[in-house]
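First, the structure itself, so that you have it in front of you.
Chain lettering (A, B, C and D) follows the sequence in which the chains are written, and residue indices restart at 1 in each chain.
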Amino acid sequence: MYSFANDYSEGCAAPILEALVKHNYEQSVGYGLDDHCKNAAALIRKEIGRDDLDVHFIPGGTPANILGIVSALKPYEAVICADSGHINVHETGSIEATGHKILSAPGVNGKITPAEIEDFCVNRMEEHTVYPKMVFVSDATEYGTIYTKKELSDIAAMCKKHGLYLYLDGARIGSALVAKGNDMTLADIAELTDMFYIGGTKNGALLGEAMVIRNEELKKGFRYHLKQRGAMLAKGAVMGIAFEELFKDGLYFRLAKNANLMAMSLKEIFKRYDIPFFMETTTNQIFPILPDTLLKKIEEKYTVTFWEKYDETHSVVRFVCSWATQKEALIDFYKDFSQMVKENDR
Amino acid sequence: MYSFANDYSEGCAAPILEALVKHNYEQSVGYGLDDHCKNAAALIRKEIGRDDLDVHFIPGGTPANILGIVSALKPYEAVICADSGHINVHETGSIEATGHKILSAPGVNGKITPAEIEDFCVNRMEEHTVYPKMVFVSDATEYGTIYTKKELSDIAAMCKKHGLYLYLDGARIGSALVAKGNDMTLADIAELTDMFYIGGTKNGALLGEAMVIRNEELKKGFRYHLKQRGAMLAKGAVMGIAFEELFKDGLYFRLAKNANLMAMSLKEIFKRYDIPFFMETTTNQIFPILPDTLLKKIEEKYTVTFWEKYDETHSVVRFVCSWATQKEALIDFYKDFSQMVKENDR
Amino acid sequence: MYSFANDYSEGCAAPILEALVKHNYEQSVGYGLDDHCKNAAALIRKEIGRDDLDVHFIPGGTPANILGIVSALKPYEAVICADSGHINVHETGSIEATGHKILSAPGVNGKITPAEIEDFCVNRMEEHTVYPKMVFVSDATEYGTIYTKKELSDIAAMCKKHGLYLYLDGARIGSALVAKGNDMTLADIAELTDMFYIGGTKNGALLGEAMVIRNEELKKGFRYHLKQRGAMLAKGAVMGIAFEELFKDGLYFRLAKNANLMAMSLKEIFKRYDIPFFMETTTNQIFPILPDTLLKKIEEKYTVTFWEKYDETHSVVRFVCSWATQKEALIDFYKDFSQMVKENDR
Amino acid sequence: MYSFANDYSEGCAAPILEALVKHNYEQSVGYGLDDHCKNAAALIRKEIGRDDLDVHFIPGGTPANILGIVSALKPYEAVICADSGHINVHETGSIEATGHKILSAPGVNGKITPAEIEDFCVNRMEEHTVYPKMVFVSDATEYGTIYTKKELSDIAAMCKKHGLYLYLDGARIGSALVAKGNDMTLADIAELTDMFYIGGTKNGALLGEAMVIRNEELKKGFRYHLKQRGAMLAKGAVMGIAFEELFKDGLYFRLAKNANLMAMSLKEIFKRYDIPFFMETTTNQIFPILPDTLLKKIEEKYTVTFWEKYDETHSVVRFVCSWATQKEALIDFYKDFSQMVKENDR
């Protein structure tokens, strides 16, 4: 069984693995205060091109989102996101478990719109309802789509208008920033948001996300939150080492490019057989709409993710490629798929 | 600078590192459901000698304690521990952040006593006070001391008498179980407690603690809590691989033995200079009482942990050895220390 | 200015006021353990016709809902309600503040449907999402509509099918149970739900709601929750005295009948001028759709609640009548309204 | 059975009852925004002699303490109090339920000391422990003792030194301010603290505490917290009416004087029989140490509160007098007690 189920199936990218081996017997101070973490933070600031950013390393995406939100909001303040937002659907109520309501709206292609944001704010000064104070976006989104600079700028402008913080979940920010159609850089994202994280887990690290805080108001006390929510790793250097490698010479983006390239190649395979797509994406996730009979055959040899029923006889299926996906896997899949289609058509 | 500050300064034990390298490009399902985690859990059950145990892997000690407590208690229920309990002092209020009160008592040498536990329970049926429902102990304790089988059995009996769960924080359980004076096995601990964790981070893993749940009542829904509190690692196999190595042929205990042996050797060095100890320990932590002038000299070459003032001119200092501490480091320290004592005596 | 803004504008019904005066200098034990509370609970059990019900008095609707939910759910469990549910919109995130997610669906006329409930449950066994465990309904709903016995039975059956608790917010249960079209009794509601509350504040009490718990699982520890959430009133007898009066000879339903009768009379006034309604109701809330120009005139003499814009030139407006609304007020309103319509038509 | 168990056994003081009757059929806007609440707030500001105070009415002492703390602290911040502090012992973990740790110290006579406060602060800048940010005191304390102006000023100075908020629980502030030995006014308390509440429930109101906020930082968003925690009463006017009466011509202090006078008279009775006291108090609570045999006799005719065992044969017992205690009750008690002592001495 080969898996296209996600982008965290394998361990870590070779240079990270080598660095872990190389530094294994070094002594580091714990809890993210070591030299690797410091150096990694410096490299991230350099990549972004500004030195007023706080950087913290967090073991995973869910704790990163918990921390981004809980460190910013007062108890009665709420966070706005698209209905499909990861925090709204796939984190087992982790935000609510810290006491905050999520206000969600349909969005378009997984993206919240400025108008939806404004709707939540217009009648906001009333103590019988929560007070919206933050917008949560993901880039790439949960549907594999990306924000253009114009879209994110419009959201940022709306946030400014209503005094909202803008937080970006960058679990797949690498894939987004090297995708066809993207016109943003990390620097743009740092400029437009108050806080965001650069995902490591889904782009070649063994674990770890780099939280980047630009807004001065949100910097204070972050390490207290980190510890309190159980997200301060004793051996923080493991994450520092990974992000040093990822950002010292562009590895982060090279890995993401491989993921996208593989996904786009996979897309081509489906297109040759006129398979339609649920959502047009240019990142490392694609969503073909497959006949259920064909899906069943695929599932005998490949692990993929059933997304939702499309109609009586078809399903939306998610295929994910990653830094670790190799051409050979696609060649094999192409052969298998061709055969399966043929059988299915009989 | 050489560090005796803690037992998580280095990366991981060699066999674990090798296994991580070996399995790096394997595909695993995420979130702790992979074969390495399953196999590691099986090895732990085998080590303990019973097959009715649920095993979950958690990135660190603080999230393990959060989960052990939050998964067991109703909102108005409280956990009892010694004043020095890690959850009471060094986890930034992480337990209270989940809504639960900690009831603490002085204890003896870092160990809560059955009488103290009973005190909290006798007048318990009154809704104006929290309802004590769990006892938290650490073995080894925060002072490096250990529980005897009699002591833990007495606590377990008191818990049974008052309907309390017994939870054991085993961040340093390896060191405790191979310490001079210990008369318990993992099997005893599994028998006497309702839930406990086997610490990996402080005994040779890159990260990870293995939560072991014996009490049927506490098994249900644990993975929901794991996800909700941000402690379900996407690449859970990293921890599975570590625990496979640790438990497949006794590595866990061999590593702990090295930590204790090194600490006891260090103790000998201090004893030769008639340095007294704050607490008599047989595990990998020792607490010499040093003249402040001497401590100052030591701190020029070694990283150690100031524990507390002993008197006007002396301090209690913590030295920790680990699986990674080598004889050579002790030889160097012996030389340096002898010289420092000489200079200090002038 | 006369107010049709709500049903809690005045103090309390005359017999309650008299009883408060009468018992003022009696000594009572505190915290809801007094004889008035006990007697009131007994009267409620008698009204319902079963003796297996726990009854607790709570100062208001928001704390009642907090308690109903927090006492029943585990941290990762969620409550389902209609989008318009009071807990979802008008309680400032009080449920999320206790850690629980609310899952909402559009509903029909303010009422959640069995199909919507089932949708949340079908894929429920997955730890990456919250686990739905309770359904929240209001009768009368936030739109003044009511559940038929068939509707509530269908919901209860769906809850049973999926192991969900059914909780009913009865802030306006009096008005619902005496409304035209209602075919339920308090006994039916106690039978069909696991827990519900009988609203006092909006039906003639100075304050207080009577929480009725039928499901044995949900009874344990309720008073602990009551105290912990700050909802255990020292002088609980104030509420006990009110509910004694309300339930000793049918006062509760007589008060509700007045509220409905007055609202239906008010509706007649609007109908004479062909004013349409946003929602067809038979309880004490009505929702005429008024020309904005006419609304402006009304607001000069009457306090009413703007509900939402209907179109460019019309608004939905809420008028509420209560136990305290008197015929004279309607006669005055009729005169004023006729005049305003006339002026508006010029 | 006559009760000396507490100061909230009866309903409310006569002028409040009369005002409730008088205003019963008035219409008020809900949720504490009515004219009675506004006027009561103005009267309190006038009594204190400053107009920069926010005043909110809250149904009880536990919700008042929850709100005072939760509205001021960030998640990782903690509140310091004496071991005997009401929030630490008698509120069922309500503060922890909002996520905050309580740091407690022994104190002296129920009063925290500046040195104890400083101890918690000196090593505070470390993210592995909670960050103390508030001090909680009660005046009168849970032991019936009071703070002198010097004592409270010293605490306030220590708070200022370490950037802590000072919060005062004034459930029995009336009794404290008219007690022998008191040298403070409400104005002093408003000056020295950041926030405090004036207790109504224990001094003649049917329910209600008046939260007074002086520190500008703590004013923002308070009504959101009020609603979110379920403490915003729909018929807020009930509390506004009470505080209007209490503060329009000194009723508040006259009621408190009666409570103290009665308690001091009761003390005299015990002194005549050489009964010693556990704690020297001048407020409305006294703590005689009674032979258990004598206590048993008393309990046949009077409700009192067992406080704690003093020795093998004696107990500390709490007697409370109130605004409602009448001379006649003391005369009866004197007779009964004399007789009981006589019988007991046989």
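The rule we apply is simple: a contact is a pair of C-beta atoms (placed from the backbone, for glycine too) under 8 Å apart; a residue touches a chain by one contact, two chains touch by 3 or more.
Computed from a predicted model, the values in this text were never measured in an experiment.
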{"item": "Which of B-C and B-D has more C-beta contact pairs", "value": "B-D"}
{"item": "Chain whose mean Cα position lies farthest from chain C", "value": "B"}
{"item": "Intercentroid distance (Cα basis), chain B paired with chain A, Å", "value": "34"}
{"item": "Mean-CA-position distance for chain D and chain B (Å)", "value": "42"}
{"item": "Centre distance in Å when chain B and chain C are each reduced to the mean of their C-alpha atoms", "value": "51"}
{"item": "Multi-partner residues of chain D (at least 2 other chains)", "value": "75-76, 91-93, 97-99, 127-128, 130, 224, 227-228, 232"}
{"item": "Chain B - residues contacting chain D, complex", "value": "75-76, 78, 89-93, 96-102, 127-130"}
{"item": "Sites on chain B touched by chain A in the complex", "value": "2-3, 5-6, 8-12, 17, 20-21, 23-30, 59-63, 66, 91-94, 97, 201-202, 206-207, 224, 227-235, 237-238, 303, 324"}
{"item": "Interfacial residue positions of chain A with respect to chain D in the complex", "value": "31, 70, 74-76, 98-99, 127-128, 130-131, 221, 223-228, 232"}
